[in-house]
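So, here come the structures, one by one.
Look at the two complexes coming up: chain A is in both, with chain B in one and chain C in the other.
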Partner chain A sequence: MSALNNGISDNHSYFELFGLSPQFNLDLAKLETNYRSIQSASHPDRFVTALLSEKLRSMQTATLANEAYQALKNPAHRAKYLLALQGIEVAAETNTAMPADFLMQQMEWREAIDDAKQSKNIDALDALLAEMQQEARSLQATLIDLIDVKKNLPLAVDATRKLIFIDKVCVDINKIIEHLDA
Partner chain B sequence: MALLQISEPGQSAAPHQHKLAVGIDLGTTNSLVATVRSGMSSVLIDDNGHALLPSVVRYLEDGYVEVGYEAQAAQSIDPANTIISAKRFMGRSLAEIDVSTQPYHFVETPSSSEKMVQIQTRSGVKSAVEISAEILKSLKKRAEKSLGGDLVGAVITVPAYFDEAQRQATKDAARLAGLNVLRLLNEPTAAAVAYGLDNGVEGTYVIYDLGGGTFDVSILKLSRGVFEVLSTNGDSALGGDDFDRRIFCWVLEQSNCKPLNVNDTRLILTKAREAKEWLTDHANAQITSVLSTGEVIDLTLSAKKFNELTQTLVVKTLNPTKKALRDAGLTINDIKGVVMVGGATRMPQIRLAVADFFKQTPLTNLDPDKLVALGAAIQANTLAGNKSDADLLLLDVIPLSLGLETMGGLVEKVIPRNSTLPIARAQEFTTFKDGQTAMSIHVLQGERELVTDCRSLAKFELRGIPPMVAGSARIRVTFTVDADGLLSVSAREMTTNIEANVVVKPSYGLSEEQILIMLQSSFVAAKTDKQARALAEAKVEATSLILAIEAALQQDSALLTPSESEAILASLTSLQSLSNGQDSHAIHQATEALNAVTETFAAKRMDASVSHALTGKDVAKLDL
Partner chain C sequence: MAYSDKVLDHYENPRNVGSLDKNDPNVGTGMVGAPACGDVMKLMIKVNDSGIIEDAKFKTYGCGSAIASSSLVTEWLKGRTIDEAYSIKNSEIAEELALPPVKIHCSVLAEDAIKAAVADIKAKQLAAKEAA
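Take a look at the complex of A and B:
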């Protein structure tokens, strides 16, 4: 995934880059502090008058830190990345098979979103967003259990795909709200 | 360029002299230049004590150019050659701007819809880049006179919502003005730095920046010297000018006068601006004027009427504000303060609308005209290496998403808006037909789904794809956006490793040749010996490299193996002896060789400083 090579990025996971142990239940405050420390040391602003080789290295490291930070900060991306480290590709884009009850839930959400969109009901959309975020939180709790505690990776893959799906729907809802708001 | 000082070998290689660096706010209506002296940032004034330089350029006979107040004074008598608000034309084509109230002779050619706006003046055809360069030159001169020396470089601010083409145009203008651009900095981020440092605040702040021609809103998290932009939004064609135009239209309507000629148009626009400013502290403004036709205009505009006329403009700033909040995942309850930036935020209706939206009184304790320049000066000072405690760190974002055209005229987003810079993203594409050997890549910027609704940045072709069955070639396109917010793109066919590298020169930008021609023609001494120039430049480059490496070696030579150290020293010695000679080509090659041989060293130094940042331990010293 990374276009970078050599040095820090070689054979180091995103977790190692930030000095954190690879787990789903991540200390987000520490992630943020360490991200800022790495940016403080590597950001191109620090190398405006430096050697060309150092400028390039700075660009690569700061880019990697941004990429890694985004991947770990977002729970769905973090779960996907943790599973990838175990050699499991979640591939949510191509594999959309979901358990029947979740499919039902999906259809209900989609219908509710469509209704709210048709009636230009921003409050209803906001309520749906809150509901999805609640669902996301409970999935995250499940993922802590499945990945960090039980190490049940096949079930973790299912939960991760649900979480990715919810993220996507939230983005869609936000787009609709933005559109209605304008 | 100032001569660099070279110390005795072995002694301190990095002389700690104060480097002259400035921050420039290149505004639509006014521009400013500021610097940091003895730890204090201040705006530099001209001989008449003015801090602001009106962003007005007048072309006179014999190639003479007036910039600022003189030019502004002539705008009603010589409107066609006196360019105001050139910033609105930066990176824009004729088709994209409203020419109805503009008095200029725009150059229209069959291809003018694909080119940046050009204006016919008595000194020839001028683009917005050249006009802006005149403003920058004037500020550069002011700074060099005031500071007593040549500038090492400048930080130039741009609206956060400027796209790639507008940023590139700004950088080109600086180059034409002979300025070394240390960084393009987003205006609201600059303002946040000035405000945040001055008031020592921490937390989440909104910067509401309504300038003469652009509107930006940025949300930043301020914490111990780190200014992290969470989201930004705006309208790069909305500003105080539009409020003037509303008054202008109202005047025409009220006075029932015939369509105005260009001189009268300028005259009434100026009156409109004065009325707008007057209404900031008064209930009524008198607009009186005698037109060239002899018609007399005598109207009273009440603040109430002015609010009515401009209500939709005020609302237009709130939509981007809502979007920025949404993108940051925040509500108004998370916002600790709203900092007002830009002269147009002096209008009471703006302050009221912002207070009403955020349910808090906006912060107006610092001069909204100067915040941006002051913040840029602080950043310039840090970038030039003057500040020893490197506490200040700005993490900025890309304002608009970047994407590629896919089948059916759709845009596939590759980098979403509000991603922290620098950023690199790769995306793989495949062929559509059997045996397809070429693929054209179309890079776009914007939020909409259709190609036609986004801004086209560049098109290039990747050729030499080996003929394969449709869908089996793998073309990986990598976007890299640097800390200036400027994009470069490379594409590679993964099975054959064929690579196409592209520097994105926006369709609306100037070509490299055009810039070179402009640069050459702007040198008074046209016969400057090219070779002498090349030699001088090569020597300056070599000297600064030697200094930087000596400093790096002094700090971190412990990181090197004996053979690495030997290789660097050998290259260094070779460059040192060559740089005393006269062969610019040889110096250049030796400089490149030295740069190349330090790659591992640079990598090791970066690793060491990152782990030092994380653990507080010095890896270099631990290894000993």
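Take a look at the complex of A and C:
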């Protein structure tokens, strides 16, 4: 209930909403617990007999908490949001300049994914997915260092863009695996 | 997503897929990628001594619109000077392929790939001149 009584507004960061400090290395257990408590405190069932204004406010809180939870739970989104709080855009849609070695690696991965897809080799796809998830974890470790420790935001932007990229490729592989499994 | 006939045509029969010899001093390579969609595009151009693009090849991993955009530009590039190539705008690509607003970024990728390839060949030519 505390979140409701505090009167959440858009001026509060997603971190403040859950009582978390704004850092990349997030206390995920606390995020989960505080998210659940806000969701249950603002659940429509609790506002059946409430005033319309209270109903609306609880709905807004639930929506905001959901949006905030999604933005903080996913590491790539969290890094993007942390940088946005500092006024830095990662321009994931518009800036297409990426390091050449990174793009070469992506090209090789994409080729391997295509081959595995053609030959319906789910084991090979699983192995590629594991390789990419490993790369994603290593980028997350880099981001803890760059954002939380060194506060080197320009380099953090590059690492975040790579993480967003790899996330998308992982989504694509999962779709292919699901399709072949079906 | 409903693709236009032109996108489908390029997607089903992509022109100029492949690569050129990247060690050839007359070949420029442009590689770009869009984090949000995970697309990668590699464009290679072969330029003759008068600065005219003789050949262009591409390799793109991405959606149909990204593949069509790169296929289309390889057709457009042949016979143009590198400066003409550099001035190709993503809006021309988007218009030719009738891309919907959500797919405009695919044409941006193609424009940026051209610019990267032209920058690469210019850098190569400059390095060759300095070495001479």
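Just so we're on the same page, the second predicted complex is superposed on the first by the 175 of 182 C-alpha atoms of A that agree within 3 Å, B and C clash if a C-alpha of one lies under 4 Å from a C-alpha of the other, contacts with A are read in each partner's own complex, and residues count from 1 in each chain.
By definition in this document, contacts are C-beta pairs under 8 Å (C-beta built on N, C-alpha and C of every residue); 3 or more make two chains touch, one makes a residue touch a chain.
If you're wondering where the values come from, they're calculated on a predicted model, not measured in any experiment.
Colleague: State whether A:R161 touches chain B only (first), chain C only (second), both chains, or neither.
Modeller: second
Colleague: Would you sort A:S53 into first (chain B), second (chain C), both or neither based on which partner it touches?
Modeller: Touch status of A:S53: first partner only.
Colleague: Is A:M104 touching anything from chain B or chain C once the two structures are fitted on A? First, second, both or neither.
Modeller: The answer is second: A:M104 touches chain C but not chain B.
Colleague: Which one hits more chain A residues, chain B or chain C?
Modeller: With both complexes superposed on chain A, more residues of chain A are touched by B.
Colleague: When the two structures are overlaid on chain A, which partner does A:S42 contact: first (chain B), second (chain C), both, or neither?
Modeller: Touch partner of A:S42: chain B, not chain C.
Colleague: Contacts for A:V90 in the overlay, against chain B (first) and chain C (second): which applies, first, second, both or neither?
Modeller: A:V90: touches chain C, not chain B.
Colleague: Touching A:D172, do we find chain B (first), chain C (second), both, or neither?
Modeller: Second partner only, chain C.
Colleague: Quick check on the complex: what are the chain A residues that touch chain C?
Modeller: 90, 92-98, 100, 102-104, 106-107, 110-111, 114, 161-162, 164-169, 171-172
Colleague: Taking the complex as given, what residues does chain A use to touch chain B?
Modeller: 1, 3-4, 6-8, 18-19, 34, 36-46, 48-54, 56-59, 61-63, 66-67, 69-70, 174, 177-178, 181-182
Colleague: Can you list the residues on chain B that touch chain A in the complex?
Modeller: 153, 182-183, 223, 226, 228, 319, 322-323, 326, 379, 382-385, 390, 393-395, 419-424, 426, 478, 480, 482-483, 544-545, 548-549, 552, 595-596, 598-599, 601-607, 609-610, 612-615
Colleague: Chain A touches which residues of chain C in the complex?
Modeller: Chain C residues touching chain A: 31-38, 40, 42, 59, 61, 105, 108-109, 112-113, 116.
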